[in-house]
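In structure tokens below, several structures.
Look at the two complexes coming up: chain A is in both, with chain B in one and chain C in the other.
Then we have the complex of A and B:
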């Protein structure tokens, strides 16, 4: 269901168990005691099992939130932290969404062994502090294992822009959303008494393009929730091919994505 | 003041390295424009140009004014360009940046000072009344190539525009409404089109119609304005790299082909729009031209 800012919500289905709290996700504002208003245009998602609500939008401006993985650019270094900028997928972003990456926020870093980053470096990091009124803070290690787990400086390669929705799908949110959609369709079809032709790939989970590319080409990829995708490979030709395929696959179904990749590989 | 974000080191090295191997990020070859889209508004004189992601809107309006005292036989023709935060968050309203001044001057030089419009035909009564034609250029999205896109938008809007007809009887001037008499097109002498080149690796590589990312990384740039007859209206090259005469000649030659393509494209769109209008408003009977 498509909603716009200020729209009232439809009746929320009752919780599956008693005493489950309703989870209100991005795009919705809760004013106590029980008023929920939409503040972002997008598609309303209702997960009945987990009793959660959220809006799936496709904006271009990224708003930092806790535990998001992002691709940032180092602007400068101060005495105890790197000042970074979190670019959104609109390319000429102003440097106002600045974030702090403390020198010691790397796995096993001490004052002497910390990695040296220079202005213009690309870094893959996790947001460790996100607050409405403060600059966010970043960390380059996994919260649980305290290890690098792929975070840190991204050397070489190229950064491509995608929309925020596409970035979320590439990070695996697509599977969840697809299951929800399939379920919804089933319910609707049952209501209308029709048979549902289940085509698994009709709704893309956003990852078919990477799966298909990864089968043939050797490349590295890192996806940031701020709508940036970093790709690296041996040859610029391959990097460009991967980046372009990802950018073009945004509105395609799973089948079309596979066809797109095959077409691109032929040209390579 | 918000500043445009510089491309990161990895983007910079990759783009330049790829250019060396004759690859552009969006897969075009070096001498091709991005996809050009042109549409006209409901009224006369509104052109909407999309060049890739760059989008520019030009609006032409005309009103009766007093001509400048030193040019009593000429009408007034103005072009205003303003870069606002609508195009990119890096632009601010109110404060003119160097980029904005350069852009405004370039468009002015390319279209107004090259005599694209016959200003004498805008005169109604010498020294007293003339048409003041004004083009407002609005930038809706900035992804490089603002000069090229706005030039196309302005010339397309000017060709599309129709001003109300005027009749002079002795001292009295009557301006006929659009429904009363068929409105008159502006007399356009030639159609100048800008082609911007960006230079990389010390001038070894030259690109046509750079995107914003490519613009940020270029060593130098040059804008050539031509019309379809191959007459050079202006060449703007503010600093950057020195370019040899032969390279310049080669650029101009390639630009001519592009200009001819773009002019033909604008003409095609204008004709399509005209047939649409004729059908919609039943204008077939209402033409002032005699069959010759």
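Then we have the complex of A and C:
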């Protein structure tokens, strides 16, 4: 269902269990005590099981939020932190958000063993503090395991720009929406008393392009929620091929993405 | 013969949001950037600073552009949820592409107001800036002798009109902005508002749109909803 700012929300289904708090996601603003306002144009999603609602849209400007993985660029180093910039998906990043990456926010880092980063370095990091009143802070280790888990400096490779929606899909959000859709269809079919042919291929998860490329080519990829994709491989032409395929599959369905990759591989 | 209004969305790759809108012989482009870093002297601790810049089709910025900027700002400021992004800047740039008349008078300026406002709102929607509601604007001319109302008038109609009004409505049909010029009675103004509301207020999703159709084609509100819907559908096309 498509909603516009100021539109009234449809009645929210009651929570599955008592005492479940309603989760209000992106695109909606809660004004106390119990008023929820749509503030963005997009598709309204309601997950009854998790008692959550949010608006699915697309954008170019990234706004930091807690625990998002991002690809940042180091600007300079101070006595105890690196000052980084979180670029958005539009290519030049003027006036984009600045963030702090403490020198000790790396796995097992001490004052003597911290990794040396220089201005211009590309770093894969997680947002550890996001607040509309303060500048965000970053960390380069996983919150649970305290290990690197892929975070840290991205050496070599190349960074490609994609839209924020595409970045979310590449990180697997599309899969979650697909599961939600399949479940909703099932419920609807049961209501109508029809038999639903479970056709998994019908709804795309939005990242067929990566799955298909990964089956054939050896490459490394890191996706930041700020609309940046870092790709590295042995050969520059593979890196370029992967990056271009990702950029071109923005508006393509699963089937079309597979076809695009097949064509690209033929040319390679 | 009237030229139908047109609008398009998201064609400037380097800005966060962009839109074009043309009404009659007037055509404008708007781009929105933000929320982004703000100049220190403009920084507001509790809310976003909103900057509106109007660029003329020919020549340099003058009083007429400054007037348009102040009007647009007063219309847009209340609908933007500024408190969601404190200490940031939301920049709205309106570039006039084509103006109805070449002479630099108050009438052509008034004709620019409604398309500029529509383009700015569409660009804000495209950029995903948090909004409280969507405004759609139109111009209404009131002819004194006959008492006739002309919605979306041409330059010639405006020259004959006793009073000219630019009105903007939310999608719920609430009056959000008025700019009037000339002499008129209150009763006439009420008729003007009613005529403007018919064109501007859009049928909600799922509403019966049949009643709107007999106003003669597509209203501004419906047009704006249509282009945004097309954009969202394109963005979500991968799922199909």
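By definition in this document, the second predicted complex is superposed on the first by the 247 of 268 C-alpha atoms of A that agree within 3 Å, B and C clash if a C-alpha of one lies under 4 Å from a C-alpha of the other, contacts with A are read in each partner's own complex, and residues count from 1 in each chain.
What we mean here is this: a residue touches a chain if its C-beta (ideal position, glycine included) is under 8 Å from a C-beta of that chain, and two chains touch if they have at least 3 such contacts.
Keep in mind that this is a model prediction, so the values were computed, not measured.
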item	value
Partner chain(s) touched by A:122 [first = chain B, second = chain C, both, neither]	first
First (chain B), second (chain C), both or neither touched by A:189	neither
Which of chain B and chain C A:42 touches, first, second, both or neither	second
Partner chain in contact with A:6 - chain B first, chain C second, else both or neither	second
Partner touching more residues of chain A, whether chain B or chain C	C
Common interface positions of chain A, toward chain B and toward chain C	90-92, 94-96
Chain C partner contacts - residues on chain A that touch it in the complex	1-7, 29, 37, 39-43, 56-61, 63, 88, 90-92, 94-98, 132-133, 163, 165, 169, 174, 177-178, 181, 203-204, 206, 249-254, 257
Chain A partner contacts - residues on chain B that touch it in the complex	2-6, 8-15, 17-18, 21, 23, 25-27, 88-90, 142-143, 212-213
Chain C residues touching chain A - in the complex, by the definition given at the top	13-17, 33-37, 79, 81, 84-87, 89, 125, 127-128, 130-134, 170-172, 204-205, 225, 228-229, 232, 234-240
Complex contacts: residues of chain A adjacent to chain B	73, 85, 87, 90-96, 118, 120-122, 154-159, 230, 236-237, 239-240, 243-244
